[in-house]
Every structure is written in structure tokens, then in C-alpha cells.
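Two complexes are shown next, each including chain A; its partner changes from chain B in the first to chain C in the second.
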Partner chain A sequence: MFKDLDPILHSQLRLAVVSLLIGVKEAEFTFLKEKTNSTAGNLSVQIQKLKDAGYIDVVKQFKNNYPQTICKITPQGISAFEEYVKNLQAYLGQSK
Partner chain B sequence: MNDDNFSVQDSFRVIQSMIDKAKEDFADNAFFSLLWGWLVFFAALGQYILREIIHYPHHYLVWLLMIPGGIISIIYGYKFGRRTKVKTYMNEAMSFFGIACGVSFSILSLVFSYSNAWHFAFPVYLALYGLCSFVSGAILRLQLLRWAAVICWAIAIISIYVGYDVQLLLMAASAVTAFIVPGYVMRAKKRKQLA
Partner chain C sequence: MEDKKISEQESLLLIQEMIGKAKSHFHESGGSSILWGSVIGTCGLVSYFQEEFRFSIGFDIWILTLVAILPGIWINIRASKRRSVKTYAQSATDVVWNVFGISIVCLVLYGNIVPSASQHLFSSDNIELLQRNTLTGEIKNYRPSALSLSSIFLIIYAFPTLATGWITGFKPMTIGSIICYAFFVMSLFTPFKYDMLLSGFAGIGNWLIPGLILNSRYRKVKSAHV
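For the complex of A and B:
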């Protein structure tokens, strides 16, 4: 089922992360964790997968002596998300 | 829910709910609107009372209220920037636009101080008020602000033909129209969004 849907995005947490990032310029890891209600470990793994796919950029830096991870969607990520939504709509159209 | 039975409907639900959650973190733009609205309102009305009723010679000194207003805005903006965990394009556009408005108003104040052309100050300020309101309305997608801008521009034209005393009252009225009322509307909207 859903063989045309991008497997990177067709996962609840990864889709949630990309959906959050699509409307903003950049977001901190803690923001993504809070909004997706996920654990730090699981979120780190999914963010790494999105990064490996080239869908997001991850910058690690220090803010007030604390480590800070900033995530930002890439143009490739935006295209993939748009394609994913288009395919979802096609599936919904078929099922009607 | 695991990813094996993650359906198309679930995907849409996730996308919708995350886009809504990202919206919750928009900056409290109402703070700046209310701060500057009330400051200008009290300064304009204060100058009118000092000039026309009490006949105090240094009535214009009430406008020094704008200096703490500027300091409070810078501190609040800096603190919000440090506290925020997400940067939106809307917040960024609003903060750059706020800085541009602040710099423009400050330069104009200097120009009017040196040229002593105070009769023309309020029409120019009101026109700039309208501009700030109109562009903010476009960025925040708040139609009320765009209507407030139209009212400001109308008041700016009227203020050319009236005396300085009436200009002060028109300035106070435009602060209510362009900043105070939209400020409370924005605050109510944000509270509703967070509820």
C-alpha cells in the first residue's frame, strides 16, 4: 500500500518534524521535541534520517554555554514534502 | 500508532496538527502595538492638556516618553529573540519592519526638531503611522490593521488643515485606531489560538 509515497516522509514522527519545519525559517530541537511530544532519543534518530536524505539541515552550536541544535528544511525537503502531499491527495481522490 | 498502519488520513492529521502547533509560537506582536499605542495616546493627550489647559511652556517634553518606549521595545525584542525556540518568516519580517519604523520615526523627530516645522510633523507622522499599520496588517494578515491605516491616512490629510491643538487630538485618536484597538484584537486572537 502507498508504494508511491516517499518512505522517508511516510512515518509519523518524520512527517511531523517536516510539517513543523515547512512553515518556519528554523526551529530548535527542543521546540520539535515539545510539539511532537516525542522522546529525545527517537527524535534524534528521525532527524538524522531526514538529514541523511538531504531534507533538513542540522546545525549544532552553543547558546549561553548550552548545546543547541537548530533544524531547517532544505529546498530538497520542501520539494519532497510538496510531492508527498500531492500523492496523498491523489490517494484520497482515488478512494472517493 | 506505529508507522506500519500509518494511513493517508493519519498523514493529513499529522500535517494539519503540526502546522497549527507551529502557529502557536508567533511573537506577541500585540505587545508593541499596545506599548506604542498607549505611549503616543498619553503623550498627545498630555501635550494637549499641558499646552491648552495648564498652559505649561515646555508642554512638548511629554514626548520624551518615547525614549523609555524605545528602550523597553529593544529589551523586549532582545529577550523574546533569546527565549524563542523557533524563527518564523513572519516574526523576522515584523522585527525588521519594526526596526525600520523606529529608525524612520527617530530620524523624522530630529528633522522636525532642527527645522522647527512642528505644524507639518503630525501629518507626516500620521502618514508613516498609516504605512506601519498597513504593512503590519499585510504581514500579519490582519485586515483590521489595513483599515486602520486608511483611517490614519485620512486623519493625516485632515490634520494639514487644522491647528496644532486639534492635530494633537487627532494624533491621540489615530493611536487608538491604528495601534490600541488592533493591539487588543491581536491579543484576543492569540489567546484564542492558545486556548
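For the complex of A and C:
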């Protein structure tokens, strides 16, 4: 019996954001937008959902008089991602 | 990319793709490497030519290293402001280069203070160090200092470059640092003027060339995004 995949992570854009953040210390909103090729509005909504789940930390500040949003994965987010990948591998391994 | 459900297979591919994108994100302009490579290269070569051809430019060329500190700090601040992502590797190499800066300042202090401090310490113990010219028999006071201090500088030059090359997998820096270590070994057997020549070549091979390669990659990536 397989565990259900985490619904927070099992979404294209949210999974892409967490996969990007897992390999870096922190990233700006503009970096995430560029790499995921998403719209600012959609990305903001998904970032908020990840933040509400406690998977990422979001810091809003100003840089050269422009607003800057910095995202960083939390230990809870790392655990959730590892669990998601483990379940995914188990599922794909079984279906082979 | 949208907020949509995806299959398990697609999830795995997406994770691989995004991890690859984060890993391959490249934005180092090599400005600091170019600056320090040019400065150390110039200082080393000018010192060598002064010794070889018996002339003086009227001031200590190595003062340029102190002059370069301010533009160096400005380049670093500008580069860190431009970064839209901070990787663990970058954080590690930033620490390595800061430690390098502190070590260089300490070594410069050592080279300037130890000779006179040692002389005072010896004289307080009623000891005087003398050196005798074996050809003329002339005896002069001897100020003790580290022999071949430039060899120690070569080790310090190679250290952050090898660490950065190793951590980031940037081969030109790894190769440059190995060349610098080779110069260090050579400098153990060469007189001062050739140590200066080796220092100049070390600045060029260790920093200037890798910096120019970094800069050319940076420009290519930047132009691809315009």
C-alpha cells in the first residue's frame, strides 16, 4: 500500500518552486519566476500556499527602493520534499 | 507553468529539471578575480623588471594591492546585490575569500613587523645578529625575517583559488591553483627577483585568466537573457 503523495507538493508549480529551493540557500522571487516560467500572480499564490504549509519562509524587503521577496525552504519543507520523493520512487518502482 | 496536477512520472522529471536549473544558474562576473589578477600580476612583473634591469619606478609597486582594496570591496558589494539566488557553494566560497583577505593582511603585517620586532627582542637579550660577506669580509647588522616570504604568499594565493575551483567545479581555477603551487615549489629554490616573476605569473594564471573566462561566460549568459 502506498502513502498518498503530499497534495501541497503534488502540483506542478509548487513542486517546481520547492525543487528549486531545495538546492539553494535562498532565492529571490524573480529567480523563481524566471526558472519556472510562470506568471507573477500565479507564483505569488503558490508561494503563499507553501508558506502557509510551513514549507518555505518568505522575507519581504526593499532593495534599491524596489520590493524584494526572498524565499527559503524550511526544515519542515525539506522533510516533506524528502518524503514526497521517497513515496514517488516507491510508486514508480512498483509500477515498473 | 501552472498550478495543475501532474502524473508521478512528470513529477520526477520536473524535480530533475528544476534541480538542474538551480545548479546550472550562473552569474559570477569574475570581476574580483580580474582585479586581483591584474594587480598581483603587474606588481610581480614590475618588481622583477626593476630587479633584473636595475631601475626604480620611485615607489613600492606593491602599494597597488592596498589601493585595490576599495574597488575590490565595491565589486563584491555590487556582485552580491546582483545575485538573485544564493547557493550553499557561494556562501562557502564567500567565507573562503574573506578568510583569504584576513590572512593576506596578517601576512603583510608579519612581513613588515617581524624583522624590527625580532631585532628589538634579540637586543633586549643582548644578542646582535650579524651577516658577513664571504667575498669582501664586510660585516653588517642582520634583520631577521622569514626567508623567501614570497613563497608563503604563493601558498596563500593558491589556497582560496583551489578551494573555489574544488567547491564549484570550475576547472580553470583548479588548474590555476595547481600552477600556483608549482610556482611555490620553484620559489623555494629561486632568488628574490625570480620569486617576484613567479608571483606575477601566479596572479595571471591563478586569477586573471580564470577571471576572464568567468567574465566571458557571464557575458554569454547575460546576452542570452536579453
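The definition used in the following text is that the second predicted complex is superposed on the first by the 93 of 96 C-alpha atoms of A that agree within 3 Å, B and C clash if a C-alpha of one lies under 4 Å from a C-alpha of the other, contacts with A are read in each partner's own complex, and residues count from 1 in each chain.
Simple rule for what comes next: contacts are C-beta pairs under 8 Å (C-beta built on N, C-alpha and C of every residue); 3 or more make two chains touch, one makes a residue touch a chain.
Because the structure is predicted, anything quoted here is derived from the model rather than measured.
Overlap between chain B and chain C is detected when the two structures are superposed via chain A. When the two complexes are overlaid on their common chain A, residue A:16 makes contact with chain B and with chain C alike.
In the superposition on chain A, no contact is made by A:59 with either chain B or chain C.
Once the two structures are overlaid, the count of chain A residues touched is higher for C than for its counterpart among chain B and chain C. In the superposition on chain A, contact of A:25 is made with both chain B and chain C. Applying the stated contact rule after C-alpha superposition, one finds that A:46 touches chain C and leaves chain B untouched.
Touch criterion met: A:38 reaches chain C, while chain B stays clear of it. Shared interface residues of chain A (contacting chain B in one complex, chain C in the other): 5, 10-12, 15-16, 19-20, 22-28, 30-31, 34-36, 85, 88, 91-92, 95. Every residue of chain C that touches chain A in the complex is listed here, in rising order: 1-6, 8-12, 14-15, 17-19, 21-23, 25, 81, 84-88, 90-91.
Looking at the complex, you find that chain A touches chain C at residues 5, 10-16, 19-28, 30-31, 34-38, 42, 45-46, 63-64, 85, 88-89, 91-92, 95. For chain B in complex with chain A, the touching residues are 1-3, 6, 8, 10-12, 14-15, 17-19, 21-23, 25, 85-89, 92. Partner chain B is touched in their complex by these residues of chain A: 2, 5, 10-12, 15-16, 19-20, 22-28, 30-31, 34-36, 84-85, 88, 91-92, 95.
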